[in-house]
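Once you scroll down, you'll see the structures, which are given as structure tokens.
What follows is a pair of complexes built around subunit A, which joins subunit B in one and subunit C in the other.
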Partner chain A sequence: MERDLATPVTSLRRAGRQGFFPYLFLAPAVALLLALTVYPLLYIVRISLYRLTPAGETFVGGENFLRLVRDPFFFQSLGQTFLLMAGALTLEFFFGLALALLLDSEIRARGLWRALLLLPMILPPVVVGVIWRLIYNPNFGVLNGALQLLGVDTTRLTWLADPSVALAALVVVDVWEWTPFVFLILLAGLQAIPEEPYEAARIDGSSAWQTFRHITLPLLAPAILVALLLRTMDLLRLFDQVFILTQGGPGFATETISLYIYKTAFRFFDFGYAAAMSLVLLVATLIVSRFYLGFLQKKERPT
Partner chain B sequence: MKRRQITGRNFVLPLCLFAAAVLVFFGCRGERGEAEPTLLVAVNAGVEADSLKQAVADYQRQFGVRVQVVEYPYQSLFEKIIIALSGPNTNYDLVMLDDPWFPRFAQMGGLLELTSLYQAKNLSGPDADFIEPCLALGRYPYRQGRLYALPYVGNTQLFFYRRDLFEKYHLPPPRTWDEVLATGRRIGSREKMYGYVMRAAQGNPIVADFMPLLWAFGGRLLDDEGRPVVNRPEAVAALEFMLRLAEIVPPGYVNFNADEVGAHLSQGTAVMGINWPAWIPTFEDPARSKMVGKIGYTTVPSQKQPGASAIGNWLLAIPRGSRNGARAFDFLLWVTSQEQMRLSALRGNPPTRKSIFEDQELIARFPAYPVQYQALLGSRPRPRSPVWNEIENTFGTYLSQAHAGIYSPREALERANRDLEQLLQRWNATSPPQ
Partner chain C sequence: MSGTQSQKRRRVVGHVWTAGKYAFLAAMLLFFLFPLYWLVATALKTQAEMFSVPPVWWPERFALDYFRDILFRSSFGRLAWNSVVVAGGSTLLSVVVGTMGAYSLSRFRLPFGLNRHISFWILSTRMFPPIVSIVPLFLIMRSLDLVDTRLALILAYSVFNLPFVVWMMKGFFDELPRELEESALIDGDTPFGAFRRIILPLVRPGLAATAVFCLIVAWNEFLFALVLTQTEAALTLPVGIANQVTQYEIRWGAMSAAGVVAMIPLFVFALLVQRHLVRGLSYGAVKG
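Right after this comes the complex of A and B.
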């Protein structure tokens, strides 16, 4: 560059270019975000105020939300979703943590175990649903078959067909499929913990439990929170397994909120009411995520 | 400095290339679109689609018109069609629809009225060979209204029973539901098998299996004014009877669909059950059935009223937004013609024309045809309401809850009736009846 770069014209051009190009590079991402996230969100807010069917739309104000407050099925499906989430989250956390601790230590064929553990997560959820539908089949499923070999009378064990058991059966499927995910994140978290605090603890004569309680757990907390947050958001919109395994039945016993929203929107084509329910679910998800993120920030601040 | 300049220049070339690619892509698409139009048909994946695909190949050979068949699974087909019918334009020129969906599509004005298309061809309307209960499904309002669809596949429920076992115990085929329960108990306990099998999965399956019972006991879902009447004593009696029937049904039946019913019948683990005629080839196929030649079929049993099975036809209709309406109508007439429907019947689809049910050659091949024809003539449609999907879901949820023991039959039906009233009020408030 031999030219004098300090002349006003060049610097202006330069400034213009500098101002223009970064935005140009950002534009596709911003456009995508606007088109795929912001616009649909605003659109959902709009249609939640309408009675919107393929035949046309009528402005109804807050009627969809009033209907929602009076809809026992909405609250039942929301309650069942949270119940399912609480059960699955607890079990996935404990199993995931136990497996991560086990496979973080020096055991034989560690690589093989790790690979095997990831298998359920790699399967498409639809396949998982179909597999478990066959496992749970009361007449020729492998679960009742195995129980019969053990001498159990299985005539009344109908799993997905029993309203008091079906939800728990869905929890088992989710735990089977997603514990590996929690395990993977926690294992990565464990391996990121430096060796020094453990050495210090050993020198100070801390017991295994004390080491776990005061070193491993606090240092693993960010990973735990990330894993639980991701699973929480997934579980709140659990759909595919329920759709394949029970369709929300028997009765209404396993209807999750996302299945109810789906039916309202795509079977009954009542988009306005479905939008209103989606918004409530969004707010619920935001509240739960805030709770997690609050924890995460509190954990990160002192260090 | 230098770096930035280069970055800027480097950016121009890919941008030009990308723009060129976009132009070429859309240019090609435009050119192809202007060529000979291809008719696009949305159909249900299964035997209906297989048969139609063979017909389409013949059509192209005969008339040089390309027809493309797009298959969807049952549930997504409904979604695809309703979205296609919602806008002013659609790519589909013909859609296959399950008859309970039809009132919704007709009510929203998404289908082409067929009478004027017939008139344009100097025809007064569909010929008299179509079976009346089938043709009535394509009119809105039901039976008397305008014609929007033609029936292509003439399904209706049949009652299946183990003929060999009924003969062994010197029993006639059951004619009433009381006989079903009594013979089911007797044969079931002697033969160590389930006396009856039904599908009671929430939604469509349980409602489809309950309707014949409800009608036989003298009940109805909606009255003539379209008000729900499922809390009447007849309906309660029908549901109470269904629960008694459940005592001789395989465990887990509250999650059963047609597949499980078919499996129990073909594997010889259940004595009787209601299913669609499409299952007959499976029952008679030694590779898939242990009961070849042992299963008999008859019409649905009676009780207080003569037995009636639910009709379940596949209809063909032209979306209003189709750009090739006239060509689609030509194809529709051709594919539902006597000659083509005969071929469709040979490919496994129950017909909707009298002449084909009475064709001796076909009866020799499909011995169930006389029974199927009789069942079709005595069949009843599920209520013709634009909100049938919601009605079915609500009603099915409560029926399922009664089976799961959450509510007593009376309580379940009271709740169902109340919810159905609310649902219909909401619908009527926003969509004035036509």
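Right after this comes the complex of A and C.
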């Protein structure tokens, strides 16, 4: 019986004996991905070296990249993207962790609760933008309406129209949309931690803080890193909500890097320069995610 | 004596802690749910209620005027249909092509370490910011004369949905023991027959959840649609709503109603995928 099974095991594992079947099955996916991810990447590297005008294209070498180094708007949009990211990541992490710790033992986040919490993050980002415009509107928005009922003078609270507040207002929107996501990932991580280390800590008489610091946090670290990595990558590319809420304004106060590239390419049709900035954004994203993945690997393979 | 006092103090601290905890939870719940309520309430208000100061917290009568407006007197229906076609088409494409590819990667050892290389390549596409893809994709679609067609969006959405399907489905296939197909192969089944009759029915729940995720992403997508569409021939709902917002005179009522309608399919989706949600959203990294 065992001998009978042995033959097909090897035949299934090694693609060669299956004839063309494995390749036939894989080919469409590889072809589509080559066409939609690899070819565009090569294409964008090429056009970053050109100046594209309706008349045609001229090879300009590194000119687009030199221009980028001297472009204060590029650095401002990059800086604002990082600022937004730092603010949103911090708040989402602390609120998400607090919620996960508080609710871990209380409720199993199931059914209606989970579906309701899911809504902000699976809503179309455009609708998220619409919702918060209804809230932030200085004249009839519900935020100023509520503040007036509390006796606050709201004449100078214009939120998205105020350059010094707009970026923070966008952080709040992202916190609203994505804290439930961080919460759900951390909750899943918490519920996967076995009981034994907690029992050992109880026997040793550890305080709540010691238990959290030396057991919960290290065992939760992989889930934390995954949540932060995914949020970081999404915040680096933030576009939709900003497009709806402020279009990068007032002035340039909330321009994110994606928005700046979009305007460069599709309002000013400066594709070469947009391509150069895109490549910088791509490299920045890869470096940041490499950083997280390094941590994650260290966690998974403790020395 | 002192023992009971410290006990009492501990009980008071406990009560304060519990009260603080529930106050925090209540505040969080209000913060997360109120904006959703506010969108629905705004869509159901009359013009006068919408601009009233102080705000009308609960609409007097449920005015369906704005829903009637967008459903019968605008291009909304046309845009919604485009969204359905694009979301459905791109999901179908990614799910079929991606599931096949994932099965191959999960089950067969390909030469030159291709399994590992292709898997890594597919995961790395998750890092690509969409703005990086759309600049070259727009120029490519323009040279193919595909701009402002639904086909362009269906193809373009494979950029993120196809790697997602391959990655998710590979995870589901990896969880099934190989002996399942092996016994079928002994019985003289073809590899495709074993895949279709034995494996596919077993991964159906995972496949359904993965497909729903693709639907959500395609239904919500904004940037690609903004760049690749221009007229009602291909405009999708998110771009239609955005056009309302960025005009000089904003039609708040219509916009809110459109937002509510765009949200409805997602209610259904949320209920459908909630069991697989964490896994899907974390790209398979957390199997909650």
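The criterion applied here is as follows: the second predicted complex is superposed on the first by the 270 of 303 C-alpha atoms of A that agree within 3 Å, B and C clash if a C-alpha of one lies under 4 Å from a C-alpha of the other, contacts with A are read in each partner's own complex, and residues count from 1 in each chain.
FYI, a contact is a pair of C-beta atoms (placed from the backbone, for glycine too) under 8 Å apart; a residue touches a chain by one contact, two chains touch by 3 or more.
On a predicted model such as this, the values are computed, not experimentally measured, just so you know.
In the superposition on chain A, A:Val127 makes contact with subunit C only, not with subunit B.
In the superposition on chain A, contact is made by A:Gly251 with subunit B only, not with subunit C. Of the two partner chains placed by superposition, only subunit C is touched by A:Gly189; subunit B is not. By the touch criterion defined above, A:Ala223 reaches subunit C but does not reach subunit B. In the superposition on chain A, A:Phe21 contacts both subunit B and subunit C.
Between subunit B and subunit C, C contacts the larger number of subunit A residues. Shared-chain residue A:Leu286: touches subunit C; no touch with subunit B.
In the superposition on chain A, subunit A positions 5, 14, 18, 21, 139, 247, 266 are in contact with subunit B in one complex as well as with subunit C in the other. Against subunit A, in their complex, subunit B makes its touches with residues 1-2, 4, 7-8, 11, 75, 78-79, 82-83, 85-86, 104, 107-110, 201-203, 250-255, 269, 387, 389-390, 393, 397-398, 400-401, 403-406, 426, 430-431. For subunit A in complex with subunit C, the touching residues are 4-5, 8-9, 11-16, 18, 21-23, 25-26, 28-30, 32-33, 36-37, 39-41, 43-44, 47, 95, 98-99, 102-103, 110-111, 114-127, 129-135, 139-140, 142, 145-146, 148-149, 176, 179-181, 184-185, 187-189, 191-192, 223, 226-227, 230, 233, 236-237, 239-240, 243-244, 247, 257-258, 261-262, 265-266, 271, 274-275, 278-279, 281-282, 285-286, 289.
By the touch criterion stated above, subunit A contacts subunit B in their complex at residues 1, 5, 14, 17-18, 21, 24, 51, 53-55, 58, 67, 137-139, 155-156, 158-163, 246-253, 263, 266-270.
Within the complex, the subunit C residues that touch subunit A are 21, 24-25, 28, 31-33, 35-36, 38-39, 42, 50-55, 97-98, 100-105, 107-111, 118, 121-122, 125-133, 135-140, 155-156, 158-159, 162-163, 166, 178-179, 181-183, 185-186, 191-192, 216, 219-220, 222-223, 226-227, 237-238, 241-242, 245-246, 250, 252, 255-256, 259, 262-263, 266-267, 269-271, 274, 277-278, 281-283, 285-288.
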